[in-house]
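For reference, the structures are reproduced in the following blocks.
Two complexes are shown next, each including subunit A; its partner changes from subunit B in the first to subunit C in the second.
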Partner chain A sequence: MTTLAPPAVRVKESKTAKGGRGGSVLWMAAPAAVYFFAFGVIPLLGVLYLSFTTWDGIGAIKFTGLTSWKAELTDPGLPHSLWVTFEIMILSWLVQTPISILLGVFTASFKRYRALLAVLYFIPLLLSGVAISITFKALLDPNFGLGAGFGIDALKQDWLGQPRLAMATLIFVVSWQWIPFHSLIYQGAVRQIPGSLYEASQIDGAGRMRQFFSITLPQIKYTIITSSTLMVVGSLTFFDLIYVLTGGGPGDSTRALALEMYQKGFMANLMGPASCIAVILVLLGVILAQLLRRLGGRGDESMMEGV
Partner chain B sequence: MTNSNFSRRNFLGLAAGAAGAAALAACGSSGPSDKGGSSGGGGGGASYWSLSGEPGQPIRQAAIDRFNKANSGTKITPTFFQNDAYKQKIKTAIGAGQAPTMIWGWGGGGLKSYVDASQVVDLTDWFGQNDAVKQKILPSSFGAATVNGKIYAMPIETVQPIVLFYNKKVFEKVGVEPPKTYGDILNLIPKFNAKGIAPFSLAGQSRWTNMMWLEFMLDRNAGSDVFNNVFAGKAGAWSDPAVLDMLTKVQDLVKGNAFIKGFSSITADSNADQALLYTGKAAMMVHGSWSYGIQKANGGDFVKSGGLGWMNFPPIEGGKGDPSNTVGNPGQYLSISSKASAAEQDVAKKFFSTTLVDDDEKAGWVKSGGVPVLTNSDSLFTGDDAQFLKDMSAIASGAKTFAQSWDQALSPTAAETLLDNIAKLFQLQVTPQQWVDAMNGVIGK
Partner chain C sequence: MTTTVNVTGTQTPAHHQPPKRNRRTGHKLAKMNWIGGGLGWVWLFIVMIPIYWIVITSFKTQANYFITNTFAPPRDPTFENYKTVIDNDVALYFFNSVLVTVGAIIPAVAISFMAAYAIVRGSGRLILRLTNTMFLAGLAIPLQAVIIPVYLIIIRLKLYDSLLAIVLPSIAFAIPLSVLVLSNFIRDVPKELFESMRMDGATEWGTLWRLAFPLTRPALVTVTIYNALGIWNGFLLPLVLTQSPDKRTMPLALVNFQGQFGVNVPAIAASVTLTTIPIVLLYAIGRRQLVSGLTAGIGK
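== the complex of A and B ==
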């Protein structure tokens, strides 16, 4: 913990340096740009085009103007799946963020037993979403699952068959899968906080709680935003877990936008309206990410100011 | 910690990369389950896609092995997929012009969508020239292979009526007789519930399982005309009062706990619904005849010891439907991709006219507990499965109307709306009238 180089100043210097490295490093962005165009921009334009067409996924693509958009925007399935998506987004954020921060702070300290626990915590991160869902589906089966196996009536609920319970179960499984990832981010962030801050506060007589709320939380503000952005934008595209666990059911209780899109496009062969949902998803994602970025305040400030 | 900013950034980058890799890994999860994932079909042979799993896959594989052995110059390369994964994969492949030479399917509305897009070969003339092949196949199975009066697929494999299975041991234990009418079913429901046994097993999350109930309830109530009108695209065809009556009866069953607790989260792909029947947790189940083979394979000695009973769905008192009617799959179907080369198409046609109608093929399906679409199979019905095979054959050939399953008969767009609304109906999320209105909206689409 020696002196910290002020990064903001250094960034400014390299920006203002004329000629120099600018020309020679530009090509380094080329591979990323190529990938981004090939797998990001071009499919996006394709989907935008498809949203103005009528296509069953097999035959010829017919340009039909706003027909698909009109059909999609008047479909009662759209507001319903939007609502489900936001429900999942907000609930999973509310569950994941506090637990991830606490676990991150807990595992950040350099104690051996905590390092061991940290390894255990991160195991769900190594599993594929589909494997997790299949496992949970088997465990939660009301007739052959955990409850029936151990004869525990409290576990014999119809976990995935009642609308509210299915949503809660879904949030639980999503959190179980992703909390390790976000804890990892927070662990890294907490380890970056200069120890001098804690030492100084200790001298001033601050307790554990005070240190957490006055130093740790403000210092990981940007990490909270990063992690929240990943959670929020990620929950827009939740698919595998829901698809395997509930298939959007019971009825349409857990049918989020991504699932609605899949069902429209690949089950009902309505590629036009499905592409409209895809466009809506992209727009929502961009808007939400921007909003969260705004929350972080001005972009050029540093959390290290004054250290 | 001098350059703290850099290490943090690298760290975040690593973390984000891990998330991306995890997401990518999750994407590749529904791939083919078998060797030879070639898509287009190489030269000197043909490609064939079908369903994986028992009991069908080994028989399909055996047919291809026989063909490849007999025709050393040409080779058919099979790829097998899980049921639900296959339905998506084949659509995507056909849309992208990457279809296999031979496209396995269920005929009906799905086949029509391929025909409308000119993706499959018209086999009418070929069957005309090869009448011997046509004569070896049950005539009733050609209906779902025919679009606008032309044949676009070869009926293969088995005839699969949907029947009412029941667990004889459970009936004995409770001391009741198998139902002879729908009224008997209604009387049985409280008796089983009182003993803590679910009257009916149902894999509600799969949705088409619920649909089988509607198919029989409507047919027994009102006969086959109502759905024929829907199929023909007549406006408002679902508005028949018999439909409302049928939907109300179905919701009454749900309310009366006729179906096992938690049915809406059970899937048929995992065969959990069938396990409920042979483990005695449920007394009855409406399912396709293919379930017999699954219960035989998975249920220990349940089938062998005579635990499994079956019957055609019983008549409803006062109903207009002919009690001999049945629904199900009048066959499975194999089409030839119009994108395949002439040589590949010839290989496929040779496969159709030789291996798929030979005695080994017939014997293979009989052995699996299925009634082949091939004629003159009855003499093969011997051994343990003889009674079941004879009964299924009698139901299939004795039916006044053998209707194709609704979701296969209708276009994919209408079928998806149908399945969606059926799931909501069983969940009591829609009223019968809302169901009718929603379904009228997609007639003819």
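== the complex of A and C ==
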């Protein structure tokens, strides 16, 4: 939304309303500002600094210039985890977006079920990544899980034991958790499309498919950008799900960047290279968000509405 | 978030109900989308299956689990599994999670509310605008990316392996979104109300409590519940910042149970169900505000 624009307009209004008496509220912003600076801004600068150091997580931190960067950039684990991250990002986008749009359009149209569906659809969002992963891990057991329950042999796979299947399972679990959220976003967007557009197109003899592609989709363009930004940038930070569900495996087939960073930093005690990965994560997030913003062609709004 | 309010200039309650014209949209679309309709119910089924399964399994005996159908309800429901997890200190982990969540949420919402008020009321001040920009930019900082420096800060503060170690960063990462949502709500309070409070000689502090606080209560509920969910479910901070078993929060305990109980799936199911109960309660209390608060501004 236009979060950034309105405050600028309001500056003038509130000045006149208050007669320029703003000083007495300054201290009220101080606790949050100082606190966030200490635990949010300083760590962000800190991680950049730490990427130029060598540190085992316990002992002294030594400034070693580009040593950590050289080590990290020549580590074959980096391109691999980058590849895995992009694979998860693209596949989960491809699965989630069409389903979310269809679900959103549907739930927008049935007033009767909308409330009920909104309640039930929200449930996966409430659960922790850990709880979800543990549940699916048990449910996907080849012998006692899903396949046995439905009596369908095709579902009796070693879901987490083979690289391709493990990736597919991961994408499914991600979709299970997030599709309901995105469909609620789309539902909100579809409900804001003026009904007159559909009436006009009906008079012109447009069919339902035509209406969907010529009215609904173009009208929710910005929502698609927002939802995609959330999906894409969010997928960079998947950690809990992967940590519990596959542990990055089998082998290293699902070891995405965030997990690679954790293992390098907190298991292998290489905080320098791990900080390099963290910097890469931040940069990737910013770049992808900017790219999607350009795609939307609506300035700084689509990024902020994703909040 | 609730930024729609900003754009259209409507009052707070407006975005709970769609404008009237939209009902017609819905009606037209109703006839149009039976593919979506089928998908809607199929997806609901997919969403509900694991939830149904985890609950019924938590009431099965371990012996029964392996011989009955996966999705059949337990023949003779048992609380044995809940007893097993309680015998394994689940009460302590649960209490730790409650302490961390409550301990982080109260200061986080309180200071965010004050900051939001200041940002709206004193928006002429450059320093407040910069503060606001810092919070907005802060929304984009993922916790994962700064976990290493946060770890460093915590060990330097000699707080490693304590609940406070989880609480402190949790507060910080709740601030940006809370300030954004709350300031959007405070902005919608009519200026005349502030003006009349001033005429009556109220201080800013008094206005904050007696005017902004009651009028912002729905947003405060949204923000509190949303952040409580995130902190309750948080895994990375406890994983990195604590070590001893007696400092475990529920998500960390779940992972350990999973290793410890192994094939005792019903006990694992019971621990997952227990973790989820407070969340469901919170959701039941604040559902309306949470759903509309989180989706209102996004879909445009």
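Here is the rule we go by: the second predicted complex is superposed on the first by the 242 of 307 C-alpha atoms of A that agree within 3 Å, B and C clash if a C-alpha of one lies under 4 Å from a C-alpha of the other, contacts with A are read in each partner's own complex, and residues count from 1 in each chain.
One rule holds in what follows: a contact is a pair of C-beta atoms (placed from the backbone, for glycine too) under 8 Å apart; a residue touches a chain by one contact, two chains touch by 3 or more.
Everything numeric here is computed off the predicted structure, so don't read it as measured data.
Peer 1: Which of the two partners, first being subunit B and second being subunit C, lies in contact with A:P142: first, second, both, or neither?
Peer 2: So A:P142 only meets subunit B here.
Peer 1: Taking the superposition on A as described, I'd like to know which of subunit B and subunit C A:W159 touches: first, second, both or neither.
Peer 2: first
Peer 1: Applying the document's definition of touch, where does A:V130 land relative to subunit B and subunit C: first, second, both, or neither?
Peer 2: After superposition on chain A, A:V130 lies in contact with both partners, subunit B and subunit C.
Peer 1: Check whether A:Y198 is in contact with subunit B, with subunit C, with both or with neither, and answer first, second, both or neither.
Peer 2: second
Peer 1: Is the number of subunit A residues in contact higher for subunit B or for subunit C?
Peer 2: C
Peer 1: Can A:T226 be said to touch subunit B (first), subunit C (second), both, or neither?
Peer 2: both
Peer 1: Considering only touches as defined above, state whether A:A168 meets subunit B (first), subunit C (second), both or neither.
Peer 2: A:A168: touches no partner chain.
Peer 1: With both complexes superposed on chain A, which partner does A:L120 reach: first (subunit B), second (subunit C), both or neither?
Peer 2: In the superposition, A:L120 contacts subunit C only.
Peer 1: Check the residue A:G59 against both partner chains and state whether it touches subunit B (first), subunit C (second), both, or neither.
Peer 2: first
Peer 1: Should A:A206 be classified as contacting the first partner (subunit B), the second (subunit C), both, or neither?
Peer 2: neither
Peer 1: Shared contact residues on subunit A for subunit B and subunit C?
Peer 2: 1-4, 7, 57, 128-130, 137, 141, 144, 184-185, 188-189, 192, 194, 226, 240, 266, 304
Peer 1: Please name which positions on subunit A make contact with subunit B in the complex.
Peer 2: Contacts found on subunit A: 1-5, 7, 56-60, 125, 128-130, 137, 140-144, 158-161, 163, 166, 181, 184-185, 188-189, 192, 194, 226, 230, 240, 246-247, 249-253, 263, 266-270, 304.
Peer 1: Which of the residues in subunit B end up touching subunit A in this complex?
Peer 2: Where subunit B meets subunit A, its residues are 1-5, 7-8, 11-12, 15-16, 18-19, 22, 25-26, 29, 88, 91-92, 94-95, 113-114, 116-119, 204-205, 260-267, 272, 275-276, 281, 411-413, 415-417, 420, 423-424, 427, 429.
Peer 1: Contact residues on subunit C for subunit A in the complex?
Peer 2: 1, 3-4, 6-7, 18, 21-33, 35-37, 39-40, 43-44, 46-51, 53-54, 57, 65-66, 69-71, 111-112, 114-115, 117-125, 127-129, 131-132, 134-136, 138-153, 168-169, 171-173, 175-177, 179-180, 184, 187, 191, 194-195, 198, 203-205, 208, 229, 232-236, 240, 250-251, 254-255, 258, 265, 268-269, 272, 275-276, 279-280, 283, 287, 290-291, 295-300
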